[in-house]
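The two complexes that follow have chain A in common; it is paired with chain B in the first and with chain C in the second.
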Partner chain A sequence: MEQIKKTLKKFILENILFDDNDNALDYDDSFLEKGIIDSTGVLEVVNFIEEEFEISVEDEELVPENLDSVNNLARFIHSKKGNTSQV
Partner chain B sequence: MLFKYLSDWADTHTDKILVTQGSRTVTYGEVARSVMQIATFFLKQGVRPGDRICIVLDNSPEYISSYIGVHRAGGIAVAVCPQYSPFEFRKIFNDCLPSAVIVDKKYVKHVLDAVSEGTSIQAIIIMEDSDVQSSSAARSGITSRHSNIRFYSVRDVINTPDCKIEYPVCNEKDVASIIYTSGTTGEPKGVMLSNENLMINARSIIEYLQLTEKDRIMGILPFYYSYGTSLLTTHIIAGGSIVLENSFMYPNQVLDRMFAESVTGFAGVPSTFAILLNRSNIRKYTFPSLRYITQAGGAMSPLHAKEISEILPGADIFIMYGQTEATARLTYLEPRDFHYRPWSIGKAIPGVDIELIKEDGTIAKTGEVGEIVARGGNIMVGYWNRPEETDKVLKDGRLYTGDLAVRDEEGFLKIISRRSDIIKSGAHRINPREIEEVILELPEVHEVAVAGKDDAILGMVIKACIVLKDGQGLDARKVQRHCHNKLAPFKLPKEVVFVDELPKTGTGKIRRHLINDLGAGIGSTG
Partner chain C sequence: MCGIAGIFNLYDEKEISMDTLRKMTAIIRHRGPDGFGFYKDKRAGLAHARLSIIDLDGGWQPMHNEDKTIWITFNGEIFNYIELREGLISKGHRFHTKSDTEVIVHSYEEYGTDCLKYFNGQFAFAIWDKNKDMLFIARDRVGIRPLFYTSVNGSILFASEIKSLFADERVRREIDHRALDQIFTFWMNIPPRTAFKDIMELPAGHYMTVKNGDCRVMQYWDLDFTACDSIKSEEEYAEELRELLISSTRLRLRADVSVGAYLSGGIDSSVITALIKKYTNNPLRTFSVAFHDEAYDESIYQKHMIEYLNTDHSEIRCSYSDIGSIFPDVIWHTEMPVLRTAPAPLYLLSKLVRENGYKVVLTGEGADEILAGYDIFKETKVRRFLEKNPASICRPLILKKLYPYLENSPTKSLHYSKAFFDVDMSNYPDRYYSHVPRWDLTSKIKFFFSDNIRDELNGYNKFDELSSLLSNNMDSFDHLSKAQYLEIRTLLSNYLLSSQGDRMAMGNSVEGRYPFLDYRVIEFCCKLPPNLRMRTLTEKYILKKSMNDLLPESIIARTKQPYMAPDSRSFFAGGTLDYVGEMFSENALKRCGCFDVRKTKMIFEKCRKGLTIGFKDNMAFVGILSTQILYDLFVERFKADSLYDKNISNERIMEVA
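== the complex of A and B ==
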């Protein structure tokens, strides 16, 4: 999980926030409330996690509970990977 | 005037809900009271007719009260995109010289950073429910540059003591609002709209959409653009309601709200519908109350339009065209015509005359290409402090839109091309020169050209082509980071390529339409 979080944070800092400062994003920061990501940014994040973690995100999974923070994303990816490996 | 309609509805339907946001509902009566509190506050602060007051707020009940409250005080409401960087705010503050700014606590820092020495701003009202003295948002950014500015909170506004105050008489011709658009030089231009402009355009839209007090629109478009403003004005005049969702990040949430709130209308730009079709559950929903959809802000792909009409068979689809300089709307396509002419922007809205004028100044015949030239009570007063720019587009009371179109034998208009280089990305209109100027600040850059690149979701994304000075090197990421520091996030180039030279005409003008083909695979990103 920790490695997933680090990968996600690095992607968001480099590609969305364009910020070198590691403190610019906390794992628990809500992307929506803090205005970190907009409607197109979320699609970038989804494309990234689909490629990076080799998962497929369904339309009904595009909800804040899955995507709205690094922690939520990491939990979501972890559960998707777990489900995939059981199939 | 807008506040007159608001107060009339508040008198007769005090408890009718005007706006819903999350679990919060605000009635006509409550908004009308807030409007009077804000107007009284500003009048007591010495605001005079014609003073500019900037509004830096997301869509919210407070935005509505502030916008109309400024009008009621006789001021000019200048709504500014809250996502702007300090650099962008400064341009607008220096242009319209506001006497006050109303700002959400989230955006205070950028506003304070934008304030220059000798600023015109005398008061900043922070939308935060605490005393200014205890407001961390305010305290964190105040420096000696702000020593002449008075800071207030919402509480100060609400607690303004009642007193006998003379409210100014507002004239139809008075400028009520300035909306900044991308200028031709890279500097933003302020479109001045009068009370009359706002009212006439709104009544016309109400007429063709047949809006009534029973209507309830899903409002996802920002009020600080003309399309969003028109949702606000039309629904207040009609006595309808607005359901607000400030983010389209999670479209399924918006769809849930549309269903739960039984909305009757939905307004979007092409990217809204692209996102709904490609990244939402829209096919699994039915919306029994939804009676119409409007689309403006650029051409929607015919494929998307067809899909939307199939998914939402009960909703009429109105394709619309307009400009901020025309308050919002100039033409619309009747839903019954949509299936036969999905390529068309329809015909002039009620109260607007449209002619197509050829380059030689004569009127285009059927099938001939001409510039869309419009006349009507919705045409702007002019650009703020830019008489020369105004004269270029307003001639004999007619607006020269710069867009080229043809008219068929039945009078339906079709856009052929847009003369300006403006990039339409999502709900935003972006001037490439503004981005070029920022990139040129990098010492390694010799020349740069920015243009829109086609994108399936956003309509366009921004592409920058850079020629470096001899012997210089530059990383695309550094370019994006520099833009990020100076510009709103939606103005960031998604793709940066380095090329040996830019395509130009014989007179040295950049041929932007060729930018798309440049530099594929050469040091590009994104």
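== the complex of A and C ==
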């Protein structure tokens, strides 16, 4: 989990926030509330996690509970990976 | 079509440098490669670079009246010159040429500055009236032809392009950071401000007089939607629109050279091409731009029209690298930062036209503005509807319907599209309702501005300047008309007709003509009931109705696809283009000083890796790159002398006093 969070944070800092300061993003920060990610940014994050973690995200999964913070994302990815391995 | 330039001494007589006039003309010779003409006395110097289209032998400029007390240098066309000429002859005026230029001179003699209201055309001109000791410069109603001016050491300099003003070494070349703020919000500069400090643009529909050292800028025309009526039947409106478009197309085929047409695959250019075919004897020659990348390509629809009308057609197919490699030339001509690469393919298209021996093309520009074709008008309607009916069960369906053609549509995820559409309007007056989401999104790219620029812009309110461009009347327009008015007064005049219009065509010595922007057509559309312009979410409803029998079903039934070109991807196909790497180098970024080096380096990396999919990052990248190029070309490396060919072969000096 920790590694997933680190990877996600690095991606968001470099490609969404354009900031190399590690303190600019907490794992719990809500992307929507803090204006970190807009509707296009979400799709960039989805593209990234699909490729990086080899999962497939369905349209109905595009909801804040899955995507709205590093923690939410990590939980979502973890459960997807878990589901995949069970199949 | 041509380029004009000139110098006017504000207060007293002093020598005007012929050398400077020549440099000012030579640098815009792409606008008029067929010959240069000059006039000068101790008060005024007028210059003209000519692209001969009407009266090939007699149309040399600067031109004068009977007793040489009035001189003109003119860029553009007065399409109704034949009718105006007859009227002026009956009033006793004597003509020496068959040109439209001479019609302006005599109209001015007859009506003074009021002459402008008689012209149906696209023009920018300067008249030096020795009798009144007055300079009179003017631009057409919607700003099809450009005109810039500045003052230096007691003289006014004017020209078709900014680079011509820079040919006078006394003129300062510095990026205007307030204009940068405007462009990185509205996609355009708000005239009179331009991308360069102290260089002014005469706004569309305005004229300026200079007399006794006093410059007065006056508006002579504006759009008026207050008189919307619904007296006639839908059929009558459709018929009237068709008649007007036939007339405006016919007028725009007046030329002593062959006239071609652009075919985009959309309904607007298809209408114009079909009208030429059906109602004129002009041999139909068409041109189009296609893309290797299918996401942007409309060639399948272009093919429908080519086969339907059986036109003699040529096409240029653009790759990513075509756009990337031509981009610095594009910025040389736009003379302002742009947030999209969309002008670049149009530059390649006009090159194709010129290579085929054509100097004039008709296009469909303007229809989306006057007949409500753009998505922004639909989006506005949807937002207003949802605001009133927040619980509407249709909400998901409506949102999905908005951008069916976008791969990465903001409406793809409903949860996130809510954030996109529920815009906080509390800081804006209702007149800006339609455009606030676009401006808000675009403004986010100012994130990349350097701290210095941010400090400098602190407290600057660009909305005051925007407001000065707009009529107070607009607050009484209906919702749709308000949005259309805003779009026309901002983006049509100051981006579409300039960066994507005049500059890209004239860069290759090609003149664009726009039947939808005939002022009679515009004024007619302003009076149409709004629901004939847009019916529910069907754009350009009345146009489709009136042209139903002229076009194939596939074109009429098509959902509008906005014209776009690949953005940041164009600069990294097959490796980073050398000049792009240089423009984003720490050194170059620091010299220009407009952007934060650290952040800019990071977006460069993101684009280089191909991770950029959204509008915002693409706009940021293209905006930064074009600003860097602008600085490099016009501030750092500009040398008028190196662009000045002293051996001008085809030159006429009309008079030197």
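The working rule: the second predicted complex is superposed on the first by the 87 of 87 C-alpha atoms of A that agree within 3 Å, B and C clash if a C-alpha of one lies under 4 Å from a C-alpha of the other, contacts with A are read in each partner's own complex, and residues count from 1 in each chain.
Convention: contacts are C-beta pairs under 8 Å (C-beta built on N, C-alpha and C of every residue); 3 or more make two chains touch, one makes a residue touch a chain.
Worth saying up front: this structure is predicted, and the values here are computed from it rather than measured.
A.B. asks: Mind working out whether A:47 is in touch with chain B, chain C, both or neither, as first, second, both or neither?
C.D. replies: Touch status of A:47: second partner only.
A.B. asks: Who does A:39 touch here: chain B (first), chain C (second), both, or neither?
C.D. replies: both
A.B. asks: For A:63, is the partner it touches chain B (first), chain C (second), both, or none of the two (neither)?
C.D. replies: So A:63 meets both chain B and chain C here.
A.B. asks: Name the contact category of A:2: first (chain B only), second (chain C only), both, or neither.
C.D. replies: A:2: touches no partner chain.
A.B. asks: Looking at the overlay, does A:28 come into contact with chain B only (first), chain C only (second), both, or neither?
C.D. replies: neither
A.B. asks: Overlap of the chain B and chain C footprints on chain A, residue-wise?
C.D. replies: 14-15, 18, 32, 38-43, 59, 62-64
A.B. asks: Help me check something: in the complex, which residues belonging to chain A touch chain C?
C.D. replies: Contacts found on chain A: 14-15, 18-20, 32, 38-44, 47-48, 59, 62-64.
A.B. asks: Okay, in this complex, where on chain B does chain A touch?
C.D. replies: Touching chain A: residues 83, 106, 247-253, 271, 275, 279-281, 284, 426, 457-458, 477, 480-481, 484-485, 489-490, 492, 526 of chain B.
A.B. asks: Spell out the part of chain A that touches chain B in their complex, as residue ranges.
C.D. replies: Going through chain A, the ones touching chain B are 14-15, 17-18, 31-32, 35, 37-43, 46, 59-60, 62-64, 67-68.
A.B. asks: How about chain C: which of its residues touch chain A in the complex?
C.D. replies: Against chain A, the touching part of chain C is residues 408, 410-417, 419-420, 441, 447-448, 598-599, 602-603, 605-606, 611, 613-616.
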